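Across the two complexes that follow, subunit A remains constant while its partner is subunit B and subsequently subunit C.
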Partner chain A sequence: MTQEIIYSIGGVLLFCIGLYGLIACEHLFRKILSFNIMGGGVFLFLVSIALNGDNTPDPVPHAMVLTGIVVTVSATAFALALLRRINSGTGAETLGRLEQDASDLDG
Partner chain B sequence: MQEIITTAPWGALMVVIPLAAAAASYLFPWRSALMAASAIAFPAAFYSLALLARDVWVSGAVRYRIGGWGSPLGIDLFADGLSILMLFMTIVVVMAASIYSSFYFSGDVERKRSFWPLWMFLWAGLNGVFLSGDVFNLYVTLEVMVIASVALISLKGGREALLSGMRYFLVSVLGSLSYLMGVAMLYGSYGILDIGALGRTIGPDPAAQIAIVLIVTGLLAKTALFPLHFWLPKAHASAPVPVSAALSALVVKAPFYIILRLWTDVFSHDIISHAGLMLGVLGSVAIIWGGVMALRQTRLKMLVAYSTVSQIGYLFLFFPMAGSSDAFLGCVYQALSHGLAKASMFLAAGNLIKALGSDLIEDLRGLRQRLNISTFAFGLAGISLMGLPPGAGFIAKWQLLKASIETGQWWWAIIIVAGGLLAAGYLFPVLRNIISQSQDPVECAKVPFGMEAAAIVLAVLSLVLGIAAAVPLSLFRTALL
Partner chain C sequence: MKADEPAEKITQRILTAFFAAGLALVLAMAVTDLPEGVGLSGDAQESLKQSGVENSVTAVLLNFRGYDTLLEICVLLLSVLGVMTLTNGRIRRPEYSIDPLLHVLARVLVPLMVLVSGYLLYEGSYAPGGAFQAGAVLGSAIVLSRLAGLAAVEKFNRAFLVAAMLGFAVFLIIAVIPLAYGRNFIEYPPEYAGILIFTIEASLTISIAIILYSLFSGGSAIPSRSHPGGRKN
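Then we have the complex of A and B:
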């Protein structure tokens, strides 16, 4: 019982830390890391739901976590590729920098 | 609502066909192979959709268990009148934009090679959203859609496209994870993922309330409702033209469809008081703000993109009047009519920009070679967006007006009318510029007939949808009520 609660609270905390990082961090790589932390929080929360006191955990949250990990890995790979393209093309590593450069180009 | 379990795989084919087409167009990227793939994929998808629609027409709602596994571990596909209409809009817009793309990307071998697989993945993701029967599957299909659409936005390269692609991606991921956390909480409380079953068990307890706030907020960021719309105009304006059309017409509708579906099927117990009112207020602000921002734009594609911000606002007027069936019909009709009209308008705007080589509204005066078809398409789509008869937008806004009077919430009527006037305000100057004669006309590039035809077909369909409104409306009356 207590184990479940610790995991759930841990999951929610990770989710919040990731959320903060995604909004507050400037650097795009940190943003990508942050959404992975957010995802980790959700998955930990799901795993804690699966522990329902019995010896056999509920398989459905496990299936959701596995699917979620596949989705997050592909999203991360895609985001990293996009970041590399941004960085090699423009040298910018934050959205603010990129925006500034774009408006310089316009003006 | 009655519902049958079917073994006919028409719904599953709607997802399998685009996926197969995506794989085929990646492996065989030659022109003849692409033509062959689309010549098979589109008719086959249309045929499956027609049969699925027939089943829904006959039996109200259809459920298909993939591989024979039932919920909770299996995946159920679910279709009712609402799904069918969204699927029809999707296939029509995707087909028209595909024809447009085959001319748009001709000569650009490298982009064409990446465009077709991504485009088909986007279509598969959209169909998946409209057919999902459980809340977790919706998360997966949303992600397929997002990754495909961000890749399509960034296809053009260049700072503007990469910047808006990345921003859209980050907002989307934030929305998806917030949605997933909400789903996890719902599962933790009720042990159910199926939408229908959730609706029967959910009650007004704190866990459900937090879950709903997380789910709806996450989806609002993806739908770009004011004030979470900041990513939309640049993303939609800097994408390649056929992608802009699909983004505005379809991709923002998918998360909205999920909100609507959950609101009507799951959150029906009034779990959070005043939430509907709040969404209505945000929608109203979006209508006015999007309209005013559209008035101030100097670039044509930005104007059309801000118009999307405004038109999305109308969709959310449903929530404060959720009890009224007129409001529901108006909201769905708004989604359909905006889908067709906005796709047509983006394609027509793309043609004008291609002819001029400039996307400044001011430069439209120099249009010598008249591009009659595209101008006409732009005008017809405009009629629907302004909510003038006989466009489908008129039916949508009329139903919403009727609902606001019937439910005694007359203040929404003022917003609806003001939004229509604003739309006229930002669209008429563009048309005036196109039609007016310039002192020194510039040389215009030639626009292939296929690109003009794609725009006009969608515009005419948005008009037909207005004139023949009885057919889709009766699909609802039999299916939903």
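Then we have the complex of A and C:
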């Protein structure tokens, strides 16, 4: 019981640290990393609710985590490709820089 | 925090930190108060006999919640297509020389990794393992051979990308066939479920490995023609 709660709260903390990073960090790469940390928190939480005392763990959250990990990998790869494209096209690495460049072009 | 940052930004960060801490507190209170014993564990164990496999996670992934896995391989394919579109196949590859030690190590490791991948695939029917783990190991074997400049990787061509779609295609066909016999989508007949799941898993393994490698190499499965420090033979 205590073990489950420690893992669940660990997952919640990871999720919130990731959320803070996602909002507070400006660099897009850090935002992608923060998003991954949030995902890690969700997976930890899902695995912890699968714990079922001494019995066999609940397979449904496990299957969801397995699916989630693969989707995270592919989404991260796509996000990184987008970031590289933005960076090579505009030289910007933050959303603020992008907006600034766009308004410079307009003005 | 840097000293020259405007005060507005620092205030924003502090507010964000408070927001995140508050959310953590609320969520922590919620997770300590979760009802117990409401999982689907019992249901999954009960219907395990009809699923065609002995491992409950594999049964959930490929039988009970087959939709998830079908859509997941679809997401993987879409991300490869997205990355390929973005990079336009014009990825600048860093010029690096291949470490001779890595080369020798890879020649020992890659066959072992392929073996482990096959074992994980086979084992998935009765123990933890299956297409995703096997695909990840096989994918990293391909990445390693590419980093070590093994000759095998240089022979990849467009057929390689067709293989990336194999998993989705096979899964979709096997999922649709039951419709012709008046069953539901992804409702395998229990007597064939085992072999059907293994077929899907085998093709998923190949696809996942190739998709992971394609994502690593920037959407293009075709490596650069010149390997500056590569093997000369």
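Some notes on this structure:
Please note the rule applied: the second predicted complex is superposed on the first by the 106 of 107 C-alpha atoms of A that agree within 3 Å, B and C clash if a C-alpha of one lies under 4 Å from a C-alpha of the other, contacts with A are read in each partner's own complex, and residues count from 1 in each chain.
As a convention for this text, a contact is a pair of C-beta atoms (placed from the backbone, for glycine too) under 8 Å apart; a residue touches a chain by one contact, two chains touch by 3 or more.
Remember, it's a predicted structure, so these values are computed and weren't measured experimentally.
Under the clash rule set out above, the superposition-derived model of subunit A with subunit B and subunit C contains a clash between the two partners. In the superposed model, A:Met38 lies in contact with subunit B only, and not with subunit C. Residue contacts after overlaying the shared chain place A:Leu82 against subunit B and subunit C alike. Of the two partner chains placed by the overlay, only subunit B lies in contact with A:Leu98; subunit C stays clear of it. In the superposition on chain A, contact is made by A:Ala63 with both subunit B and subunit C.
In the superposition on chain A, A:Thr90 makes contact with subunit B only, while subunit C stays out of contact range.
Of the two partner chains placed by superposition, only subunit C is touched by A:Ile9; subunit B is not.
In the superposition on chain A, contact is made by A:Val73 with subunit C only, not with subunit B. Residues 8, 15, 19, 23, 45, 49, 58-61, 63-64, 67, 71, 74-75, 78, 82, 85 of subunit A touch subunit B in one complex and subunit C in the other.
The touching residues of subunit A, when paired with subunit C in their complex, are 5, 8-9, 11-13, 15-17, 19-20, 23-24, 45, 49-50, 52, 55-64, 66-67, 69-71, 73-75, 77-78, 81-82, 84-85. The part of subunit A that touches subunit B in the complex is made up of residues 8, 15, 18-19, 22-23, 28, 31, 35, 38-39, 41-42, 45-46, 49, 58-61, 63-64, 67-68, 71, 74-75, 78-79, 82-83, 85-86, 89-90, 92, 95, 98-99, 101-102, 105. Residues 12-13, 16-17, 19-21, 23-24, 27-28, 31-32, 34, 37, 39-41, 44-45, 56-57, 59-61, 65, 68-69, 72, 75-76, 78-80, 82-83, 86-87, 130, 132, 208, 211-212, 215-216, 218-219 of subunit C are the ones touching subunit A in the complex.
Within the complex, the subunit B residues that touch subunit A are 72-73, 136, 139-140, 143, 146-147, 150-151, 154, 157, 159-160, 162-163, 165-167, 169-170, 173-174, 177, 180-181, 184-185, 187-188, 191, 193.
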